[in-house]
Amino acid sequence: MTEVVINGWPRRLPADATLDLVVREAGAPEGGRGVAVAVDGEVVPRAEWPSRTLAEGQRVEVLTAVQGG
Amino acid sequence: MALEIAGRTLQSRLIMGTGGFRNLEVMAAAVEASGADLATVAMRRVDPGARGSIVEVLEEAGCEVLPNTAGCYTARDAVTTAQLAREALETDWVKLEVIGDDRTLLPDPAELLEAAEALVSDGFVVLPYTNDDPVLARRLEDAGCAAVMPLGSPIGSGMGINNLYNLRLIVDAAEVPVILDAGIGTASDATLAMELGCDGVLLASSVSRAEDPVAMARAMRLAVEAGLQARRAGRIPRRLHARASSPEEGVAELADPA
Amino acid sequence: MALEIAGRTLQSRLIMGTGGFRNLEVMAAAVEASGADLATVAMRRVDPGARGSIVEVLEEAGCEVLPNTAGCYTARDAVTTAQLAREALETDWVKLEVIGDDRTLLPDPAELLEAAEALVSDGFVVLPYTNDDPVLARRLEDAGCAAVMPLGSPIGSGMGINNLYNLRLIVDAAEVPVILDAGIGTASDATLAMELGCDGVLLASSVSRAEDPVAMARAMRLAVEAGLQARRAGRIPRRLHARASSPEEGVAELADPA
Amino acid sequence: MTEVVINGWPRRLPADATLDLVVREAGAPEGGRGVAVAVDGEVVPRAEWPSRTLAEGQRVEVLTAVQGG
Amino acid sequence: MALEIAGRTLQSRLIMGTGGFRNLEVMAAAVEASGADLATVAMRRVDPGARGSIVEVLEEAGCEVLPNTAGCYTARDAVTTAQLAREALETDWVKLEVIGDDRTLLPDPAELLEAAEALVSDGFVVLPYTNDDPVLARRLEDAGCAAVMPLGSPIGSGMGINNLYNLRLIVDAAEVPVILDAGIGTASDATLAMELGCDGVLLASSVSRAEDPVAMARAMRLAVEAGLQARRAGRIPRRLHARASSPEEGVAELADPA
Amino acid sequence: MALEIAGRTLQSRLIMGTGGFRNLEVMAAAVEASGADLATVAMRRVDPGARGSIVEVLEEAGCEVLPNTAGCYTARDAVTTAQLAREALETDWVKLEVIGDDRTLLPDPAELLEAAEALVSDGFVVLPYTNDDPVLARRLEDAGCAAVMPLGSPIGSGMGINNLYNLRLIVDAAEVPVILDAGIGTASDATLAMELGCDGVLLASSVSRAEDPVAMARAMRLAVEAGLQARRAGRIPRRLHARASSPEEGVAELADPA
Amino acid sequence: MTEVVINGWPRRLPADATLDLVVREAGAPEGGRGVAVAVDGEVVPRAEWPSRTLAEGQRVEVLTAVQGG
Amino acid sequence: MTEVVINGWPRRLPADATLDLVVREAGAPEGGRGVAVAVDGEVVPRAEWPSRTLAEGQRVEVLTAVQGG
């Protein structure tokens, strides 16, 4: 298991969990439409989600558009 | 009478912010009433309980999204947020905000300029929310921003345009479109901004938090159009003394001859 | 949204003055573009060489005439001029002007009040052009005037509304329609007047002497409508500090954890 | 002959000249449409024009609507 | 630099109203600190329980009394009140007030003019408190008033000068002294009034209801003097662009020659 | 009532700029009349034909010199100029100017901040001339500046304080003295600046280019003092409606009983 | 006895009471310094006080200077 | 001889000319009171003037306080 922080909340994930799983678990719509992801403050392009796993302690942000501005 | 920014044509001179509406239904109705082609959105953590997609709602209202970097206090955060928005929303346009103070929400000039330079290099069409400093506006334009978006007064304050003089200096010097962004309280503020030479107006709270947001959106649409037409029509100069609007010749002598 | 004065319904909140236009053709086009139902005329000595009848031209533009008493400096002259206008134009409506000073064209308060009382007694529907004194406005209303028409600033000066405070006092206290009359320079002045609670706007020079009078007439039509809708929509209050229009929750933490 | 002042200009009229003649001579359109008349500062209703003559020295004003206000 | 009204010389440009002070001691100290030669009093029913005579206290503070007609709503009442004040105080000077509205305490123009005419005929030196209407100010002067005293804003409102334009028109046209009376909130209002060309300032609440009335009286004395001197010194014109105050010649070239 | 900056006590709240005077004699007389303890000078190439030493003249007028970096457009030039001034004048105080635009002479925010940081590190007491941006003022204070000196309006423009709101924000947040620098046109502008909470005022053109510089210097001295005292005296609040300054009780009933 | 109104208050006075008495009773300082009197809205000069009596129903105002304006 | 630029003007100086000479020639008062010097944009402290010579092409600025600000 790997301990990471997703949208500010600590989470324990299987060591082989990839970002597309994380995105789904964060509550994003199916396929992650309209969503973007940063790991430790760096953007991870959508194409890399299926292959990208996380290291211990990494911080993941899963963002989407909301009313604002 | 359309507005062109970075080669893209906007039919409306009004850009809507979407913050502060009670719900997406009111937002959609107001955005539609406003006639805007473009509406800002913020990037926030996915909320599993959220109902509806703002992007879809806006598209149905005939409006494309313009992501902002609201909530960022450093150039670095703003750049990353813009990149995330590009990834999520498939647009390289960004309303750039880098805030310097959480009480006034005024921009941080040095961080803003640094972020603008970085995003232009990264291929973004950058529309920076700036204060009303003519020098900073010029630096942002020199950095390659596609427009400059000075405030009238702080975000959500509804004070209108606090410094007409600075706004005029910015408009006179700018070679990119100038969009008044922030501070509009009511329709006359928007009319005045356009009369002063702004190319457009971006507003949110004045509509979204009005008692009747849809009616205020309609008012703003008319107000922006009125200001644009008035500027083009060429207003009369201000005069210190009166000038009769009825002829001074041909006046009858009616008093008693005595 | 129509305006009712003395039982008569006006679709438009804009009343046009007809002074200052280059010629009757431009006047007709501008009046039509303004959407006004009512347009003022002055009474002057017959000019044998004059071409065209202003009354017919206005009627073709869908507009009825409102005679004024411009050029009168005494109550007596103003009363006689109103009676002559009634005789000539078959209307008992009159825009009452009694001027006190030929440099500022400001009204003479005592003469104005005396003329208003006399004309009301004589059966006129009296719309007095008054200064922005709330006490005088109240006296005119008490005298039976069908509306009060305070100035924003002197006739033809284009300064807009010099004393917002007095105008607000007049609007708050009046039980008859309040029409801002004189001083409008550009569209935002008209929008502001309506937002402050005026029931209509009467203007001439700002349109007739604009570089493009027809375009300015269109701008004024939009401006008055914008102000009326904005007032009804319920503007946000002015705040001394900012209020975020993007959510303060859900902001990403993007900075390096270090 | 009677000497009167019409719209500010001295004029000599036949003693039996009536106001409808004066109105026509002042340049008003046929029938005096849109015109009103004051003699020595008092309005004379249209109906009285055909019968009203003028006395020596009277001032006649023949007015119509023009652009203004 | 003294002010002359109706042949009487006042060393100070500041006239103090005496209403609103906590007690006669504070009043005396503030009047003395203000340097005023003249202070207004109101005429009211004798109060058997009253301690001290305001007239004596003012005289000890080096100040003569100027009775007013505060509380009068008609010309008749104001005239009688002035006559009573003359009888009681042995002065034929009067600050004439005829109020038209108990909420704004704005003057009634027609009643004021009528009272002024009557009092001038009766031999009074009349100093009328008037609104900021240039035509009324002219009529009051024509009626024989020894000065005109337009308001800046309503009595006790502390809003300062609401309509700079009207005040300037009054000052430009007047051939008697113009005393700004009512509306002063703080020192800069008094300075501005003098800079605009007023010959003096009459104020009460801004001093009497300040947290520290004596300190504010001192501030007002300085403020009036500053404004008078600044006007006489001939201010620089307003310019839309900057004008360097350091020489543009002789600037070093310090940058690396590379 | 003295002003303390970086441990040094100034008796006067007024700092004089010395640019624009016809000659050193007028300058000396005006500086003396102003009561200032400190006067700015610029650094320029030695002029072999120059008569008299400004430093000696100022010292005779009881005033110490404060060198500025006027004419510098980059942080680097400003830093070098400050170092040269220190070498020439044996003072480590500097009025820091880094200009961003030669038409408005407005500061360049990023270069100004960089120069301020460098000079503080180099041991200078830095008094930066800044625009009216509250965020920039805060950054300058954080960088160790001994005071912040926001403009009211551009140098030499005489427009006064264009954005009261921003100035108030700066004053409220600052923990170092705030000196209003640039834009003063006349005495009431200086009074207002002090009333808003500024700790001092720096001005040049309004005195040096007035018709009578010595009289205007005297006016400014009074004006600054008036504003300071008024602020401390605690002004009355602004009210929308009147508040009687004469008692409402004890009013006589004088009207005919009928 | 005569019934009059003094400074708004009904009062019964002896029929031969003069104004100087009234003034004193109203609370004015000895000699009526700084005081003026109106009867039914008309000023009564100080010189007439000793001889002036009041009629039934008359309204007397006894005024003095107070803080104001 | 060395060619330098003093206060913007080209000048030829003896190769061993020191800064204190330059300052005097620039028109500064005796002893250089109230004057400061930069060579190629770098401040040269007064103490170094007597020993400091200039290289070909160097730019010297000799500054003093004037009215300003």
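Going in written order, the chains are labelled A, B, C, D, E, F, G and H, and every chain counts its residues from 1.
The criterion applied here is as follows: a residue touches a chain if its C-beta (ideal position, glycine included) is under 8 Å from a C-beta of that chain, and two chains touch if they have at least 3 such contacts.
None of these values were measured; they are calculated from a predicted model.
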| item | value |
| --- | --- |
| Any chain that touches subunit E and subunit B | C, F |
| Required minimum of steps from subunit A to subunit D, each step between chains that touch | 2 |
| Chain pair showing more contacts of the two, C-D and E-H | C-D |
| Whole-Å gap between the CA centroids of subunit D and subunit H | 94 |
| Rounded Å distance between subunit E and subunit F, as computed from the means of their C-alpha atoms | 30 |
| Geometric centre distance via CA averages, subunit F-subunit A, whole Å | 54 |
| Where subunit G touches two or more other chains, by residue | 7-8, 38, 41, 61, 63, 66-69 |
| Per-residue overlap in subunit C, given as positions that touch at least 2 other chains | 17, 19-20, 42-45, 47, 68, 70, 76, 80-81, 84, 104, 106, 159, 165, 204, 240, 245-247, 250, 252, 254-255 |
| Residues of subunit C that touch subunit E when the two form their complex | 100-101, 104, 106-110, 113, 131, 133-136, 138-139, 153, 159, 162-163, 165-166, 169 |
| Subunit F partner contacts - residues on subunit G that touch it in the complex | 7-8, 38, 40-41, 57, 59, 61, 63, 66-69 |
| Subunit D contact footprint on subunit B (complex, rising order) | 245-247, 250, 252-257 |
| Residues on subunit B engaged by subunit C in the complex (per definition of touch) | 17, 19-20, 42-45, 47, 68, 70-71, 74, 76-77, 80-81, 84, 103-106, 154-159, 185-188, 191-192, 195, 204-206, 208-213, 215-216, 218-220, 222-223, 225-227, 229-230, 232-252, 254-255 |
| Footprint of subunit B on subunit A - complex, ascending | 7-8, 26-29, 33-38, 41-43, 45-46, 61-69 |
